[in-house]
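Below: a set of structures, written as structure tokens.
In the two assemblies presented below, subunit A is common to both, partnered first by subunit B and then by subunit C.
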Partner chain A sequence: MNLALDKDKLLRFQSLIALFLLCVGLSILSDKFLSVSNLWNVMRQISVNICISTGMTLIVLTAGIDLSVGSVLALCGAITAGLLKSGIEIPSDNLYIGFTVLGASLAGILTGSALGALNGWTITKFKVPPFVATLAMLTVARGFTMLWTKGFPISGLGDTFLFLGTGWFLGVPVPVWISALIVVLAVFITTKTRLGKYIYAIGGNESASRLSGIQVNRVKIIVYTIGGALAAVGGLLVTSRLDSAQPNAGVSYELDSIAAVVIGGTSLSGGRGSVLGTVQGALIIGVLNNGLVLLNVSPFWQQVVKGLVILLAVIIDKANSKND
Partner chain B sequence: MKLLNPYKSLLICALFGLGLIGCKTRQSEEEPKKMAIVVSTLNNPWFVFLAEQAQAKAKELGYESKVFDSQNNTSQETDHFENAIASGYDAILFNPTDADGSIVNVKNATAAGVPVFCMDREVNANGAATSQILSDSYSGCVAIGKYFVETLNKKGKYVEILGMVGDNNTWNRSKGFHSVVDQYPDLKMVAQQSADFDRNKAMEVLESILQAQPDIDAVFCGNDAMAMGAYQALVAAGKADHVKVFGFDGAEDVVKSIQDGKIMATGMQFPVVMAQTAATFADQYFKGERKFPKKMPVAVELVKRDNIENYAAYGKED
Partner chain C sequence: MLTAENITKRFPGVVALDNVNLTLDAGKVTALIGENGAGKSTLMKILSGVYVDYEGQIFWKDNLVKFNNPKEAQQHGIAIIHQELNLIPYLTITENIFLGREMLSQYGTLDKNKMRRKTQELLDRLKLKVAPETRVVNLKVGQQQIVEIAKALLTEAELIIMDEPTSAITGSEVEVLFGIIEELKVENKAIVYVSHKLDELFRIADHFVVLRDGKSVDSGKMQDIDQDQLITKMVGRKIEVMRKKLSQGATEVLLQIENLTLQHALRKNERILKDINFEVRRGEIVGIFGLMGAGRTELLETIFGLHAARSQGTIRVEGKALSISKPAQAIAAGLALVPEDRKKDGLVLGMDVKTNICLTTLAELEIMGISSENKELALTEKYIGELKIKTPSGKQQAKNLSGGNQQKIVLAKWLATKPKLLLLDEPTRGIDIHAKSEIYKLIIQLADNGLGIIVVSSELPEILAVSDRVLVMAEGELTAEFTSAEATEDLILKAAIPHSIYEKQL
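Moving on to the complex of A and B:
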């Protein structure tokens, strides 16, 4: 047990070192990097990825994966935007239902939770591999986004809603508050609750967990539901920041999210890793994105560099886990 | 309709299964003609609009039509072409995913006797398509470049936000713009980054650029979605008043923003004209016409504050 803890600390350390080196390098190369406004800028930009990746971490810890987060994000953002903008009309009863910011946001989050629960249900009930089940959801949710928006962005959502993505509270951008709150909750769940223990146990050894009386299916459904809900929160943030729900929002976000989880030291085979590690992974990706643009690196090279960083992280992680 | 006798149908099935015979559509008079509309992507409102317009015109002319979405993937486009040819579509109104990659698809269709009419984007093969009705992105961006130089008084720092770096349109637009702007040495491009034609990415990219280059005078974006994203980043940074934003497409948001004085100018493309011309050409083809212009450029018009009243989203004010 003690050994496992040390191991976790080491893993956290490893991405912290990488982050530190990256920051030192960038502040030497660009005098603009270490400014307060740029740091808020980076934090605000990664807040969406942190929301998604926190959910993804819980899922990956159970040895699962969720490829549908980008599409779910787009659908939930679009539903919230659509309800805010034009409500629901029931022509047969000559009824028009308008939505408040809170109502529309909740509807978005509920949709995300429902889609997540559906993911968990197909995975546990029909034994569909998570990769396949969530791949199907990726396509379905994107299709529903297109149907709901008819392929056009929904823009002009009002100042109250914009506060969510663009506002400041006590000198900190609102999206940063939201993502921080989510991280705190997730850290609490993973380290202090029984659910957290079960999540690690299932990822470590599913059949042993089942034998020891853990309701594996229930835990998995809960975890995918959380993942869907957090993708929806990400959707609200993106929509609010842009003042527009884009039908193609969130395309390939699942990759950024998986990258953050992996760079943060969570093992794709489950049971090992942490939410805080993922936050560091998201920071590394965010800082890298920001730094490459600050230095005006050619867009061609940026993709190469990002890919190599992910690869390097996984190689180091592999080397570490061999030392067990 | 009478069914074939079992032996005959078995034989046909066997031959078909062995790859000895295939399907061929019969061009009989009583069968109504159908048009396939193959578009590069429906993930972008502009192309959704193009497809809708083509479908509407086909319907108006009395034809059935179906829209195929290639999802920016040339091999998916190939599948759509094969399916469209096999299921007996009589013409393809086509918006290619890739100027070179799509050539084969066009050639296969025309070889199978299905005419292809390209809309908006071209394929780089002379005479492969029956006709190409194209947006003149290059000249449009030359016009934007000239207006850019004029409004900036020939000097200042600017940022260029490119579309997808693997896309022909990205570079046509960029080259048209630079063919003018690069002649003025006092106009300095301080950053050139890609945002994949995406509103969110454009905002994030410009937010970061503004950290390195806080005192820019203008942003030129390869499409209107990115122009809106760039504008949002400028608003958040409190610089929206003195940084001039230029876009390209003529999307609804931007037309409104030009009216409100938020965005300087855009290049208006005419998807309605292109889609309707393509459908009309197909109609004429069915009626026996075989002479079509190989390339028909549709001008891109510069839309700015003092002529905005003549325009609406994706075209001229009715």
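Moving on to the complex of A and C:
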């Protein structure tokens, strides 16, 4: 009994342990790794992934998936950038609407939420598998990004907006504040509210949840909406950091995000996992990326290593769940 | 031909088989008898290689064997007709029958003609007049069961296990099956026949083995025993639960069902429920009996609003007509459904006892929109105590509990919603006798407290033990109604046989 308990504890902290070992290894191999500026750099880089992956975690907990986050991120970033830069002109009425940073950002987040809700709606209303519905959204949203930007970056967005991605507040980069706030909210939702319990229950057994009176479709739509909104926040951070909305921003971000979720111990079949696990997963990926760059490993090898880490994480996870 | 010695099989929380012995002879039919949960299906699954981790020894033609999977058992010549239908709905009859043992032409491609011919032969032999290329999804349950039988006949098996082969068929189809069993006996095959239906066993079986609570209680020749003796051995004791006298207060109508009709999901012109009318009074327990495919489960599901798009008719609770299109509305109206398959529909197995019990009432267990751990724990403790749920704590995962305790969790979850009407679908399926009688007592106590209760069951003793009134269903219709005083097994069974077959026999 005691042994089993210890093993349980060990399993719960396995990704933290992996992260710790990774950091120890890197600080021995590279003297730059442990510098304050490098660590803030890592944190700033992963804050986008943490935003997206927090939403992804909620979705995966319901046994769903969202492949469209990268494209949604790009579209929302582009919409915010476009509105900030040129506003909306309606020539027929001789009308021009300008946008403040807040207005443009909200428009971006609103777009993300709407696209997420649309994902949830097609999945619940037409019973389209999440993989397919969000794959379609991946393509559609990327297409609209190209249409909106006409294929060119939208740059020169003004200092106020740049604060979002590059500023500091109380000695901590602003993106880190934002992602931390999102994580705290998500942890609260998953552990302390009805919605959170419903999310886990639906992933654990959708049929039993429905029979228990849980409005399964509503919960799913909410979860995909949150996913879309958080992808949009990621879009704001990316656009702000680069001072430019790139039409091909966020390509393959969904993969990094799913990787963070999986490495963090959330089961792709739903019902098991946590937001904090995903944060650890994102940290592991971020630190690994950073370390490989510091060690001058070729980008091609970086991809190979990252892939193998994901595979290893899932294999360990499978082995654990078999022991249950 | 086959001897099994001291077979023991444990599941988490239950010993399903306890030192069971079994001997099967070639050319004989051995009846395996026992109540639900006695261990019959478990034993058959061990013999056919489905369960591999058991204690004890199996000798096949005097050689010690241990099957690691169903394929190995098949290769030794053991075929099983499962109680649950194991057919793949969107494949044809031929494809299902030859699944995993397809016939190949000399070029290594599928020899479809040969398989089709062979299937046709089997169907002819079983007198099933359906084309071999019919998809299984388009067959009735009884027809599907015959396809299962055809599947077992295809392999040149020497031992054929039939697990409740007549649960979905009746009358003339049963006669065909018995004819085939006689032929198989002549071919010197050994047959195990598992069934609840004692009269069938007396017609067809040579030997019997009685299982009770996972132990082999008795065995012998069928001719040396009569039906009453068999029942006594099966049950081992009188069923203690006696329904209290129907209380005088049970006059207030709680639920009224008027002309309830349900369409088949795929075949639009076929109806699963046909103009069902009945009512349930406060404090009354109504038992509904029907054979497989009679529509019993669908009736409860329709009342609970799961098939709103395909159903018609009026459902009144306390006189008010309801339009229920999702479970949340049914719950709000005071209904609760304990589903037939608790693992699939009743519980979130990977979550703990507390979460499962609280799942229906989380909205009431909050303080200012935030889940209250204390309130949840209090509710959990209340029901663990009241229903005597055996669990180390509320934090135990539901999957680690025995079937009886799992069922109590499902009940607790629903009692927490303070329902007026409890719909119970096979409330004691697959749970041990002790837990069973506890659940019967609970059902009766709940009715005494004023709940209306519908118990759907395929077990006659269960229906007779708890019901104030018995309704019988066949092919989607209510065919009979008995008070508890009138109801007997014979009368109920007769009413449960589908009309189409019954009339042909007359």
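Definition applied: the second predicted complex is superposed on the first by the 312 of 324 C-alpha atoms of A that agree within 3 Å, B and C clash if a C-alpha of one lies under 4 Å from a C-alpha of the other, contacts with A are read in each partner's own complex, and residues count from 1 in each chain.
Please note the rule applied: a residue touches a chain if its C-beta (ideal position, glycine included) is under 8 Å from a C-beta of that chain, and two chains touch if they have at least 3 such contacts.
This is a predicted model, so every value here is computed, not measured.
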Fit or clash - subunit C, subunit B, common subunit A: fit
Dominant toucher of subunit A (residue count), subunit B or subunit C: B
Apex subunit A: angle to the C-alpha centres of subunit B and subunit C, given in degrees as a multiple of 10: 120
Which superposed partner A:Ser27 touches (first subunit B, second subunit C, both, neither): neither
Which of subunit B and subunit C A:Leu294 touches, first, second, both or neither: first
Contacts of A:Lys150 with subunit B and subunit C, given as first, second, both or neither: first
Contacts of A:Arg272 with subunit B and subunit C, given as first, second, both or neither: second
First (subunit B), second (subunit C), both or neither touched by A:Gly204: second
Minimum C-alpha separation between subunit B and subunit C after superposing on chain A, in Å: 24
Interfacial residue positions of subunit C with respect to subunit A in the complex: 304, 306, 326-328, 330-331, 337, 339, 344-351, 355, 358-360, 362-363, 366, 369-371, 397, 413, 417
Subunit B to subunit A touching residues, read off their complex: 42-45, 48-49, 162, 165, 190-194, 198-200, 203-205, 207-209, 211-212, 225, 228-229, 232, 236, 252-253
Subunit A - residues contacting subunit C, complex: 192-194, 196-198, 200-201, 204-205, 207-215, 271-272, 324
Partner subunit B, residues of subunit A touching it in the complex: 30, 32-33, 35, 37-38, 41, 44-45, 146, 150-153, 155, 166, 238, 241-244, 246-249, 251, 289-290, 293-296, 299-300
